[in-house]
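Structures follow.
First chain A sits with chain B, and in the next complex the same chain sits with chain C.
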Partner chain A sequence: MNRLREEFFNFGVIARLFPALVTEAMKNTVVFTLLGFSGGMMLGLVLALGRISRSRWLRWPAAFVVDTFRGLPALLVIVFIGFGLPIAFPWLHYPFPKYTPGCVALAIVAGAYIAETVRAGIEGVPRGQMEAARSLGMKYRTAMRRVVLPQAFRLVIPPLTNELALLFKDTSLLAVLGTEAGGKEILKYVRDAVNHSGNTSPLVAGGLAYLVITVPLLRVVAYLEARTRASR
Partner chain B sequence: MIVPGAGGAAGAGSSPTIAVEGLRKSFGANEVLKGIDLEVAGREVVCVIGPSGSGKSTLLRCLNRLEEPTAGRVVVDGVEVTAAGVDLDKVRTSMGMVFQSFNLFPHKTALGNITLALTTVLRMDKGAAAERGRALLARVGLAGREDDFPSRLSGGQQQRVAIARALAMEPSVMLFDEVTSALDPELVGEVLAVMRDLAAGGMTMLVVTHEMGFAREVADRVVFMDAGVIVEQGPPADVLGQPREARTRAFLSKVL
Partner chain C sequence: MTRSPFAVRTLAVVAGLALAAGACSSDNNKLKADQAASSTAPSGPAAGKALKTVSPGKLTACTDVPYAPFEFEQNGEFDGIDVELVRAVAGRLALAPAFVDVDFDGIFSALNAGKCDIVASSVTITAERQKTLDFSVGYFQINQSLLVRKGDETRYNDLPALAGKTIGVQSGTTGADYAKANAKGASVKEFTGADDLFTALKAGQVDAALQDLPVNAYRAKTAGDSVVAKVFTEGAKEEYGFAMRKGQADLKAAIDDALSRVKSDDTYPTILRRFLGDTAGQI
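The block that comes next holds the complex of A and B.
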């Protein structure tokens, strides 16, 4: 029993994680998540609109990109962008190297999933909405932007929030990159702390750091889903 | 009162407001319209009746190319709608369309439903658009409901907002696609009353309907369609009262 407390809940070891666990590791995890998600939303929206385009020259490439990055392990994409590209192209220097490779990799992976979610949302809006807008003389893009997308996003807020929670956890995959000073996210930070201290308690603390964010987020998802169901 | 045909074509007096020639439409192997010729004069009210699946709605939807005709010509207000390279968005503003399922924008208020196209398509400023929207809501009997979302309105009220929304573009033609079919019986009257007013005001109207009473009373001409062709047409008293064709008689005996 004492041994358990010593190894997993060693308050002395855990205390030494602060304040950097919050000010650096959690902050970086949040930054990666938000930047990755923002990029993913933009990419996802573009891919979703491509997937439903009437032109096959937009539809096929969009489908190809979506399928590719949904089909690849996220870790492979991260390693490819973080290590592969700079090795292949020695002239390639990421601006803000602390964040850029990780955020770009997360945005691409998240974008592929968000694209499918947004597409489902657009297709969930009754066809009559587009027809009514077009029959009033609105251009396709005006009708999409002012009539269809606002309704589509309302439909997909719960699944998108879920994607956000998943992405928050997936930032842990960036632990393979996090070598830049001050650029560690939660997992990298606590793993290094385990190596330094020879004690497992930092992993427990890191786990709690994830749960503090993800559990409330998942509750929000449940609430939003219930509300969407009720409004039907 | 909105003046129909305000933006009408030169020589509108001689040429019909709507001219349809040899219109065909197939969905795959299924030919729904098998060569329709139809003219609607300015200020005329034409009701299209016929069994379901006869192609009435498809005909209407081909006029503003919500459905792409397979063959044939459509001319509205002197503009050939079916011409290659026609500015379809511009042509559509001259044709107001009202749908069976209302298709109001659920995220916009009654007023917002009307003003959206005014500000985005006609580039009116917000104040002028709201003013026109309020006037139209008042005209369809919905003054005071400007800020209600569609979910707070009855089906009849929603359909009246949809009519106001279409009228806001000051179209020269109004197309009605079975606009009372989705309504509870007690709500049909209020929508038909608005349409009756519109007809009395001189609006050119093409009305696909199952309301034989409305057709008899309001239509200048009734067109009976079956299996993708126009079987017979004429004044309502003739087509509904003394139909010449056996198919018309068979249809009317079922619905009257």
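The block that comes next holds the complex of A and C.
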């Protein structure tokens, strides 16, 4: 029992993680997540609209991209974007190398999943909504933007939260590309601390650091969800 | 140095699965290989004294593969300087060597959980670690070195030449500390595993890799796409040792004794020559 405490809840070791665990590690995890998720939302929306398009020249490429990146491990996509492309194209230099390759990879992975979620949301809006809007003389684009998508987004908030939580955890994979001074996210930071101290307690602290962010986030979304349901 | 191969995550996952599965075939292969090696090991003078180990009659070592030339897998067998040293030490103690592949992050937890008797995985003896672990006598002294892409060796032959460039290191290593302290004007990028670092060098994401000479030298020798441009011989040396749980005086004494004997006879230089070739003398 004592050994368990010594090995997993060694407060001396944990105390030394601060403040960088918050100011560096948690901050970077949040930044990576937000950048990846914003990119993923944009990409996902485009891909979703492509997937439901009436033109097969939009539908097929969109389906191809979605299936490919849903079918690949995120780590492989990250390594491919971060190392594979620069090896293949030596002239390729990423601007802001600290963030770009990793966030682009995360956005692609998230975008593929979000696309399917958003598509399901759009298809979940009753057909009559689009038909009614069109019969009032709205163009397809206008009807989609002003009538269907707002209703679809209400439907997809819970599954999108799932994507956000998954992406949040996938940021832990980015360390494979290397980290510059001040650029470690939570998992990388605590793994290095384990390595330095020879003690496992930093992993416990890191786990708590993730939960401190995810649990309130999921609660807030649950609240929003309850509220939007009430307003319907 | 200190490493934490998050290395190839997939490998770690595979290793984890193998461990979880316990009796899966790749594990059996490793065991077979180790038993084969042990059957030829001579029983040493310590044979009479029964040493208490986690698995009776065996000296079990946790190691994180791959970290060539210290530990790696070849044809389904563990090989490398650490692995051969463990085999030699176990032989002196009349124990059969056994190996468990554990990701470096979890390696001390595995030790404390009783998965193995020692950690033999290029572990540097540090004051920080000595607070929670015991170490054997040191068995390998390390110089830091600079590995660059082939063709860059005259351009980037020392740290000042890398001002404004990016130097890759492994997180938490003395190489990382050395780079941060001495590479003025260069940005230092940290990687978890040597393999990621080498890929980044190849991909042009870093311009040099600063880490333990044997690892850089082995890469230069085997991959042929890079060259060791500089060896840093000044400054304090660090040393690898076998890590053990605290409070095992018998085991520590036996290991220290066996390791000292291995170091003082022919065995040690033979092992070094096998893995390091001509650079053995330099290191």
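Following the convention adopted for this analysis, the second predicted complex is superposed on the first by the 216 of 232 C-alpha atoms of A that agree within 3 Å, B and C clash if a C-alpha of one lies under 4 Å from a C-alpha of the other, contacts with A are read in each partner's own complex, and residues count from 1 in each chain.
Definition applied: a residue touches a chain if its C-beta (ideal position, glycine included) is under 8 Å from a C-beta of that chain, and two chains touch if they have at least 3 such contacts.
Small disclaimer: the values here were computed from a predicted structure and weren't measured.
With both structures placed on the common chain, the touch criterion links A:L177 to chain C but leaves chain B unconnected.
When the two structures are aligned on the shared chain, A:R134 is found in touch with chain B, with no touch to chain C. In the overlay built on the shared chain, the residue A:R146 is in contact with chain B alone; chain C does not reach it. Of the two partner chains placed around the shared chain by superposition, neither chain B nor chain C is touched by A:R227. Contacts of A:E7 after superposition on the shared chain: chain C is touched, whereas chain B is not.
Which of chain B and chain C touches more residues of chain A: that partner is C.
In the superposition on chain A, A:P126 makes contact with chain B only, not with chain C.
When the two structures are aligned on the shared chain, A:R219 is found in touch with neither chain B nor chain C. In the superposition on chain A, none of the residues of chain A is touched both by chain B in one structure and by chain C in the other.
Considering their complex, residues 3, 6-7, 73, 75, 79, 82-84, 86-87, 90, 97, 173, 175-181, 184, 188, 191-192, 194-200, 203 of chain A touch chain C. Across the complex, chain A is touched by residues 64, 66, 89-90, 92-93, 95-97, 99, 101, 103-107, 116-117, 120-121, 162, 165-166, 169 of chain B. Here chain C touches chain A in the complex through residues 2-4, 6, 9-10, 104-106, 108-109, 112, 128-129, 131-133, 168, 171-172, 180, 187-192, 196-197, 199-200, 202-206, 243, going by the rule given at the top. Of all the residues in chain A, the ones that touch chain B in their complex are 126, 128-129, 131-139, 142, 146-147, 150-151, 154.
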